[in-house]
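If you scroll down you'll find the structure; I have some questions about it.
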Amino acid sequence: MKRISRTTLIFLGSIVAFTLVVQVLISLNVLSPFWNTILRQGAVMAIVSLGLNLIYGFNGQFSLGQWGFYAIGAYSAADITYRWTNDANSNGLTVLFFTVVLVGAAILILYRVFGKIRGVDPLSAFAIYLIAAIGLTALAVSIGNITAPGVNGLLKVLPANIANTVVYLLAVIIGGVLAAEVSFLFGLPVLTLGSDYFGIATLGFTIIVKVLLDNSDVMFGFVEMKGARGMIGIPKLTSWIWVMLFLILVLVITRNLLHSSYGRAIISVREDEIAAKAMGIDIGHYKTLTFVLGCLFAGLAGGLYAHINGFLHPDTFNFIKSFDPMIIVVFGGLGSVTGTIFAAFAWQLVLEGILRSILPPGFETWRYVVYPLLLLVMMLLKPNGLFGNYEIPYLRQVLPPKKSTEPKPAQTAKESL
Amino acid sequence: MMLEVKDLNVYYGAIHALKGVNFHVDKGEIVTLIGANGAGKSTTLNTISGLLRARQGSIVFQGEDITRTMPQDIVRKGIVQVPEGRKIFATLSVMENLEMGAYLNKDKAQIQRDLEMVLDRFPRLRERRNQYGGTLSGGEQQMLAIARALMSRPTLLLLDEPSMGLSPILVEQIFEIIQDINQQGTSILLVEQNAQMALSIADRGYVLETGRVVLEGPAQELLHNPMVIEAYLGGHG
Amino acid sequence: MNRSEPMSKTPSLFESLVQQRTLGYLLLGLILLVAIWRLGNALLENPSLFLQQVTNGLQIGFVYALIALGYTMVYGIVRLINFAHGDVFMVGAFTSFYAISRMQLHLWPRVLFPNLNPFLGDAIGTVTVVLLSMVVCALLAVTIERVAYKPLRNAPRISALITAIGVSFFLEYFGALNFVYTANYITYRRPFDVVTWVIGNQGVQVLQRGQEVPPGAIIFSNISFIIIIVSIILLVLLQYFVKNTRTGKAMRATAYDRQTARLMGVDVDATISTTFAIGAALAGAAGVLYAIAYPQVVFWMGIIPGLKAFVAAVLGGIGSIPGAVVGALILGQAETLSAAYISTPMRDAIAFSILIIVLLVRPTGIFGEAQREKA
Amino acid sequence: MSEQTSLQTPSTKTNGQEILRIEGLTKLFGGLKAVNNFSLSLNKGDLNGLIGPNGAGKTTVFNMITGVYVPTAGSIRFNGQEIAGLEPHKINQMGIARTFQNIRLFSNLTVLDNVRIAYHPHAGYSLTDAIFHNARYKENERILTERAQEFLAVFNLQDRQDEIAKNLPYGEQRRLEIARALAAEPKLLLLDEPAAGMNPAETVALMDLIHFIRERFDLTILLIEHQMRVVMGICEYITVMDFGEVIARGTPAEIQANPRVVEAYLGPGSAALSEKFRRKRTL
Amino acid sequence: GGGGTIKVAVLAPMSGQVSTFGISTNNGVQLAVEEWNAKGGINGKKIETVVADSQCSADPAVNAANKVIQEDKVKFIIGEVCSSASIPVSEIAEANQVIQISPTSTNPQVTLNKDGSTKKYVFRACFIDPFQGTVMAKFALDKGYKTAFIMFDQGNDYVRGLAEYFEKAFTEAGGQVVGKESYTKTDTDFSAILTKVAESKAEVLFLPDYYPIVNLVGAQAKEKGVTAVMMGGDGWDSADLDLKAADGGFFSNHYSPEDPRPIVQSWVANYQKKYNAVPDALATLGYDAANLLFAAIEKAGTDDTTKVAEALASLQYEAVSGKITFDAQHNPVKNAVVLSVKDGKVSFSASVAP
């Protein structure tokens, strides 16, 4: 009995309609490439911020690492498609694919094993995961390189644009999963830190990722990434339709998760860790779960972003920008999915679109004079964000009807209470 | 008249917490405010000590209107509150907590004498003088809270549920201390859930219900008032 | 940390391995060992060079310390990571730039008292400029606090954080406007000439232009000297202030519980403003010293030192004053030594790895106090 | 050391099956021995009290039983299984639930969600089911919600289910906390000063409620309380602590008569609580 | 032809780290535009410029390029100044068949595709770094310096490339590179590296970065006991170069205002009249680049970019910075000069032919 509720229909219907209308406007050239790019970047921002809202808004973990995972997703996806389109080589794809699969499997297995042992020390567990991950990555590199020619041949059989799309989609997904796996490893020891310290450690992560990207060519041999000089020549494959598909997917997952017992467990950790523990919630598990999921979203968004401009630069992943998703989440309303999506688009449209186009040349700097003032006024007027914790009906938890049939007297305590 | 509260109206945003409260405390008296949870007892005390602002009404202390006075100036004038839930500075040691009590006092020698005096009164605190406030047990914290308030040499002491969570013997002791402090010349406004105890040491009492004074009178009278007995003394046991 | 396991069945080797912290520490220890080995080698190879690098690290470390104190104090009292603090530091540097380059303020002793010993004259002039910057920064910080943070005292903590980021952007980009100090890199004129001393087996002597440093000698400039001395004086004053004065105690009480501090007679608003002012004044001093040492000013110059100082504060245990200093000195060494012996482009990654590792071992920083909360 | 009275509880319940056995439990905070060589035994169905002066270590004992603190030494056996040092959520899932001395609700969530969260370990569907919102999710979510509503009904909170927890009056918050603890379907319930902050009328009602849930949910209950009206009124057997150690055990009557307890805890006034207060005694 | 306008975009760092580069370049371009418009434009069409602040770095430059191409529908770009910005811009220009002529981007990659072929639509008005690096290496050796220490920013194509070419030429000609250190563009504290430089006793400190870094390093070098002579490339050429910090140094450049050729002297006079300053190499090359572009459009007789590209490739032009013909990689073949910084003045020191 598959019955889809009315709110679901209305919601999905309108979002699909919106996507299609925008697509038509793009095709008809009513929306210039400039605005098209801004819209796509808005959708990407929405995905990153949704991930952060899960981590911070719903699970209460103050993460500034979102941008680092976004970078990981972006660069790894870009590397796959770059090698494929520029060098007609699928070794980026195969190596990362096997890495993601093997490391993922190892994580799942080890997680089970550790789950059975009482009092596992996160740092020691981390050491074991790390060793396993490094070993398996090395293995994946050789398997990947061996299988690459075969996969090349396979892909060549397909028509070029289909092959490109397949590689692109795989690249985005692999980028996301890679970010998620890294977030698992990183999160394991670091999630034990108290809130602000966690924020700072994750900020550190973002900065470390940026520095590694700055040195990707010299220190790590990824010549095509060109380190601090910026990676060029990535195919521009992210269309409006693709970003929106991913956004809808992420949105539905977020919503379904939150409206379940698992979602409530996630939220209870935010509310009171000690009480949650005492109620049988394995807070470590739920922190990890949420963090990994949020970072998966960041990674996916990164992959999508990389293929919008076809150009990646480590400066894009500067720590200053890592506050952007945080600003969006707070601006939209912590713990409001509706708010996050609205804020992501609004933020992108205002800051990158409207402010850019209304300020005369020579006044570019004013953008960042006006923007903080807007932010300030906004925070002073609505300290809980635009939407507070309001949700549109589809995203709202629709409570089952109250069982307000008269309570069975035998089961109720004294009325005087 | 030491303290006079007239037509006090206090709001939390849209919530109208105090709806025209009137009462007074005379010099040397122990006056108690009793009432159920959420009746507005703490709100009343917090308004007197300046933490909350009244939207309407006035508070007059020793002939001076202090309705709009800043909390620090109210303390300087001699009204000191022992807050509900003790509110010990957890990251300060017991000694430092006591020194905070004497914050407005600049006379070092006098502070030293006062310290000896309160530590004599609470030997348990002397034992724990270097422990962090946050690690004391509930009862120890209550003692510290009262001791800290005494350090600022109040003329009017506001006590918000000093017996909450204390063992019977400590409750007795705390009430003794309150009487003792009173006898040494400090007027006391006591807020309590433990109406029995409060009324037994008070001179007069007021009953607060949902932001209004619904009953007032000498403590002994209230102790025998049927309505008070029914609602606040557990139907007399 | 490790859970005692009274009376359970004897665990397997693997089990006991992951139940103990040892394996994790082993991993961290390994990293530490590599670093020590590397540095130890460097020390043995060329002790004077190593010492020279350590003094380099000391100089930047003390600058970080001055900035870090502002972060730590403000965080301690209002639990706010004041991201605009680095920009206050920038304003300090710019104030001194205008004072020196435009108004020649540092020359006043020479102009008024031409017979004064030139060294003394420069010293007094420089101190004047430092004090001016400190005052300007303190006023700026108090204004920021009143306008942007105070209205949000009772809002969720994150709102104030976002506001702080906004203030930071504003200070930077407002400064970048063409009628303020432009977006350009501006060369900073030092208020006095650099003097470099050689400390070697011939004792201490002034290094002449073009003269080579004799082998085994260490050089030390008046700039390092001033930075270190000024920082130490300010740090000692601050420590005394916080521990021993009433205002200092009021700060600590306010830090813990504002309402109750009010009940003790503390003027909480004034105390918070004072805290901001002191932190900012220190940052202002740091701004001047930094600009003297690395003579260039630009509108975003506060971001990176601000970030580093913030890391230092966390490393030492945010909220702790000695912690901020120790954290800053460690960070200064970590940076300089990794630039000198490991890799310059990677030094930020190394600094942050150290931060994360320290947090894993001591989750609230070196001097940080564990949260004392009872269940 | 104290005269170690016999560990065995002369239970009023007949089956006498031991559910909790604590031996040699010790907790050090730095140099402070908060709990020292503490022992306690509970039989199935007991409703026992733990009392003692402030700072005696009562809450610390609760914290160790529930895994919030790891004991410095000693053993805690629950249904024969060693639980000392286990993570709190595992202990909870084994069947021990508690309330807190200072109410710790999920204060921004609804009353219903507070209870549903406690029911989470029994949710009955997987994460994947949740993400797809499939039939299994729907069925179990419905059951879960109904169960939660039943618990609320027991505490007369069913009409409050959509209210945000922090907006409830104090007394209802205390009741909600107990309801939430019960939703974990525990066998042993630990109540830390459940009557704190309640007025006499509410306290009396609470006592009835405790009796009621013990029968209804087949619980064993251990409670900490300072209000003698409660302790003496409902507990069948009482353990008294002072300075981290057990100083007495016995029935309420025995405890009230025990001079050591009177001296350390009850105070001489306890015999006649409402007696005119005597003045001037030194501490 | 006849009627209408030709829109030309100028992408240059008008603000930020190296703002003098952008301002000078734009000054040069505007002077050329004025002169052409005064003559009646190109084939009767007036020239109109769109100036975008591309900040000498990749990200803003890419945004600016996309904007001028998509929004302003520009077909000709003069810029960017810096190689690290010109390289990504050149990809966009090439893909959109927009002519890009960079006045001063000296890195070889600017005009080359990844496979080594020449970008059809991309040109430059300056010599390239392999030449510039060789010039400085020879110059150093000629002065009798045998050892060099190289400092470079590995995230900057220009700096990194020039360092490499210098090293190659210097070692090939018998010099010895005794140390090499990289840093990042936001670094301010160079004490750790400079201590190493002092320790290495190198005779030359080769620092091929832009002037702000030179100012910073120069100011700290003395303090750390560095005695090496500082040398660098055209990145030093700025009115904001701190002559005290760079004192005693040498750098290669595209031209010297002291050059007695009449074309140079009349340019210097014209420029001085308008802007009240001696033109630096950036202004000069901005002027040259604009003239090259306009001459090619005139020669092609159309604004069709493919035609203009062909015309440019075969153009011969007498520019201020020398007589220009493009080689197969679209690089002009020209002389370089070496300038010295001494006692608060920059002066001509040598001229080197390719």
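Going by the order they are written in, the chains are A, B, C, D and E; count residues from 1 in each one.
In this section, a contact is a pair of C-beta atoms (placed from the backbone, for glycine too) under 8 Å apart; a residue touches a chain by one contact, two chains touch by 3 or more.
Only a predicted model underlies this, so the values are computations on that prediction, with no experimental measurement involved.
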Taking each chain's C-alpha mean as its centre, the one farthest from chain D: E
Pair with more cross-chain C-beta pairs in contact, given A-D and C-E: A-D
Centroid-based (C-alpha) most distant chain relative to chain A: B
Approximate Å spacing (C-alpha centroids) for the pair chain A, chain E: 41
Chain centre separation (chain B, chain E; CA means) in Å: 78
Interchain centroid distance [CA atoms averaged], chain C/chain D, Å: 49
Sequence positions of chain B contacting 2 or more other chains: 135
Numbers and ranges of chain E residues touching at least 2 other chains: 15, 154-155, 182, 184
Where chain A touches two or more other chains, by residue: 118-119, 214-215, 218, 228, 274, 365
Residues of chain E touching chain C in the complex: 15-20, 154-155, 181-184, 186-189, 191-193, 195-196, 198-199, 201, 212, 215-216, 219-220, 222-225, 227, 240, 242, 245
Of all residues in chain B, those that touch chain C in their complex: 49-51, 70-72, 75-76, 80-81, 83, 87, 89-92, 96, 99-101, 103-104, 106, 132, 134-135, 148, 152
Interface residues, chain A side, partner chain C - complex: 62, 114, 117-128, 130, 189-190, 192-194, 196-197, 199-201, 204-205, 207-208, 211-212, 214-215, 218-219, 228, 274, 319-320, 323, 326-327, 330-331, 334, 365-369, 371-373, 375-376, 379-380, 383-384
Chain B-facing residues of chain D, complex: 29, 32, 51-56, 101-102, 169-171, 193, 196-201, 203-204, 226, 228-229, 264-267, 269-270, 273-274, 276-277, 279-281, 283
Interface residues, chain C side, partner chain A - complex: 1-3, 5, 8, 11, 15, 17-28, 79, 81, 148, 151-152, 155-156, 158-160, 162-163, 165-170, 172-174, 176-178, 183, 303, 307, 310-311, 314, 318, 343, 345-346, 348-349, 352-353, 355-356, 359-360, 363-365, 371, 375
